[in-house]
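Working notes, structure below.
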Amino acid sequence: MLLLQVLTNGLALGGLYACIAVGFSLVWGVLNVINILHGSMIVLGGYLAFFAHQYFGINPFLFAPFAGAVLFVIGFAIQRLAINPVMGRPVLITLVLTFGINLFFDNAMLAAFNADYRKVIIDPPLGVFEIGSVLLPVDRLYATLLGLALVGALWLLLRGTQLGRAIVAVRMDRDAAALMGIDVRLTYAVAFALGAFMAGAAGALLSGIFPISPVSSGSYLGKAFVICVLGGLGSIPGVVAGGFALGVIESFGALAFGPEHALTISFGLLLVLLILRPQGLLGVKGFN
Amino acid sequence: MMGALLSLSHVSKDFGGLRALDDVTVSLREGEVIGLIGPNGAGKTTLVNVITGVEKPSAGEIRFAGDRIDELRPDLVARRGVARTFQIVQPFPRMTVRENVAAAALFAGGAPSRADARAIADQQLAFSGLGREADKLASSLTLAGRKRLEFAKSLAAQPKLLLLDEVNAGLNAAEIDDALRLIAEIAASGITVLLIEHLMKVVSQSCRRLLVLHHGRLVADGETTAVMKDPRVVEAYLGQRYAERQRELAK
Amino acid sequence: MLRYSIIGAAVVALFVVLLAIGDNYLLRLATTVAMYVALASAWNIVGGFTGYPSFATAAFFGLGAYACGVAQTYGVPLILAWILAGAVTALFASGLGLAILHLRGHYFAIGSLVVADVLREITNSWTSLTGGGMGMNLPLIGGSTGSQAQFYLLAMVALAGLSLLAAVLIDNSKLGVALRCIEQNEDAAQVIGVDTRRAKVAAFTVSSLLVGVAGGIYASWVSYIDPIDVYDVSLSVKPIIMALLGGVGTIAGPVLGAFGFLALEELIWRNSLEFHAGILGLFVVVLVVFLPGGLRSLQGRNIWQLATAAFTKRWA
């Protein structure tokens, strides 16, 4: 049945989309910074996976945590150097700042890698699962499961570790957290770096399925926006719900309007949501 | 009700599962100075928010000078003549003291021009004792100064009803006396004043009539000294021990 | 008053000289800077006076450009087409404003940002009206290249003047006070009787009208537009950078910023086509991190004071 296939196509990307968005959501929720750089970080993660595969034969899905680690370091440095000085300043300032960093980042990637799309060719190809009359590509399944695993790991980190609780505390009440002895600046940097980690990992997962190019950074950023507004800021379950929701919406949207309009449909949806229900489906205060 | 300036009929306000106001019915007459007391969390500020349009009541009606105001936006309520001060003072930080007050005169106060607004502002600043600070930035004022600024702003709005939300919090004894004098003068000029307070001294000095809110319900409404002796009020507000002691003393 | 007159006279003199002897390159540069002034000043009304970080400039610019193009396709004469561009954009903006101006901070910024994308896609798809991705040609005005260049310079400068005039008029009006109150404390503004919704929508509409006309004039000037070009996000970001550079929320700030930015752009473009975006990005980072108040932070005596004076003019 066609509709079932379309639904499956959408759900198959849900975990991956959640992984794309969770880092962005974390940074927005904890630092109150919209990280325009997020899409580019995803693309960089993709490139790292691509080259790891090309030169060392490493499977991009397995490489995800390593791509994440590299981005963690880069993200930490960027936050410390460029973003920390403007913490707490008005939205205009922080937004323009991350815009500027992104311009530089994007340009650097374009210069280094040029705009051609690269595709990780997995050999032998992973193939497709057949469940009744529905086809489920294996690469998407892997990506989604791994994506969910990474998101789950982040969730556990936030709940169970001291670092995680520090991040949550700073998010809820920065001054109180400082009074309790938490190093707020360090926490901000780590939170941002974690966001970068998730972006890098998501990029690696993406590279196993889709072609990558610096040109696509904007669309990943767009997806992250929409997922956050769909699922509500400040909750990981929300991001997961938003990820699956966007996957399904895009899938049906592609059926109705054609796949080239996917991003526009997402943005149109975003606008409607912002106008009617900005807190999203599961919007929650705090970060759990 | 005849002659009522402000009347609330069975007003309730729920925040999710919490009932902040529970079936409140009360009328304020023109020219009164009424006190509103109650323990923390009793719903006093919510009541002010609901009257001024910052919150919409979940049930009930609010009428001001005969017209319903419970559905109106805050700026419309302000323009009808209801002014309020905030517990946590909210000035326009990068405007001068005079500009702050002039803004209130220009919008809620209906001044026809910026020049007129300025004149009214100077008047109110003199009245509130802020004449010398007129050109300073609002953010540079002390707490007492900011409280006076709140006064001056609310007066510049030419209100018929003035809701003062804990104006005396954080002030020392001398500053409180000044505030009380101001309130008396305001009342003398015909403005109806609702004074939300924690300090008994203030309320007993300034208010003929006292309302008591407890868990969102209006538990007392009457002449001040009588209400203050009402055992239910004493118990609710001041605690069981104090109530028992009062009963002992009464014997 | 004297300061402004001196500056004004100097600018007019410069402009006249340019018109008389400027070569096409200089004329093009001047037209660009005039457009920048118009855009930055228009943005400033919403972003600076009202404090709402609008990224909608690209949406309005593109809409104005296409409105002009479509109008001319139907035979509307040039100047009228520009006015129509402004009117269409203003109408759209008033509706959009009612929809998104209740949002604050990031939500408003993002909402305003994605509007351009949605409009671009609609423009792209509506091939019968707009030519879609192939773009649209606009009729050329007659005359030599030189006289055309002069004409468009005149048009842009007039718009820039209008944009500044709008800012000055608003700043000196009751609306200006309302916007200032909203910018400093929106909740308190409501409580003292400011109709915040009406004030915000008014500011948004005026701002968009100016940007829409700019889009229209631009479209005629370059005589060929396509969706990617006129809805480009840089059109949203550059005016903000200019305002930041010169001083957000002031009258002369956008002007200074526009000139400063153009100077930088010319230097960067001259030197590197490949890295110009990266260098701009770096510049933005440095600007935001080190110079929070824009060039005004460098304000010393004399020259700067002359150029940037009267910003803290009190209204009461």
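We just call them A, B and C in the order they show up, numbering each chain from 1.
The rule we apply is simple: a residue touches a chain if its C-beta (ideal position, glycine included) is under 8 Å from a C-beta of that chain, and two chains touch if they have at least 3 such contacts.
Not measured: the values here are computed from a predicted model.
Once subunit C is excluded, the chains joined through touch sort into A | B.
The chain pair with the larger count of C-beta pairs in contact, out of A-C and B-C, is A-C.
Farthest chain from subunit C, judged by C-alpha centroids: B.
Separating the CA-averaged centres of subunit A and subunit B is a span of 49 Å. Centres computed as Cα averages put subunit A at a distance of 33 Å from subunit C. For the pair subunit B and subunit C, the distance between C-alpha centroids works out to 45 Å. For subunit B, the set of residues touching two or more other chains is empty.
Chain contacts: subunit C has no residue touching two or more partner chains. If you check the complex, the residues on subunit C that touch subunit B are 174, 177-178, 180-181, 184-185, 187-197, 314-316. Remark: subunit B residues 52, 54, 73-76, 78-79, 84, 86, 90-96, 98-99, 102-104, 106-109, 114, 117-118, 121, 135, 153, 157 touch subunit C in the complex.
Looking at the complex, you find that subunit A touches subunit C at residues 28, 32, 34, 82, 85-86, 89-93, 95-97, 99-108, 111, 222, 225, 229, 261, 263-264, 267-268, 270-271, 274-275, 278. Every residue of subunit C that touches subunit A in the complex is listed here, in rising order: 47, 51, 53, 55, 99-100, 103, 105-107, 109-111, 114-115, 117-118, 121, 125, 237, 240-241, 244, 248, 274-278, 280-285, 287-289, 292.
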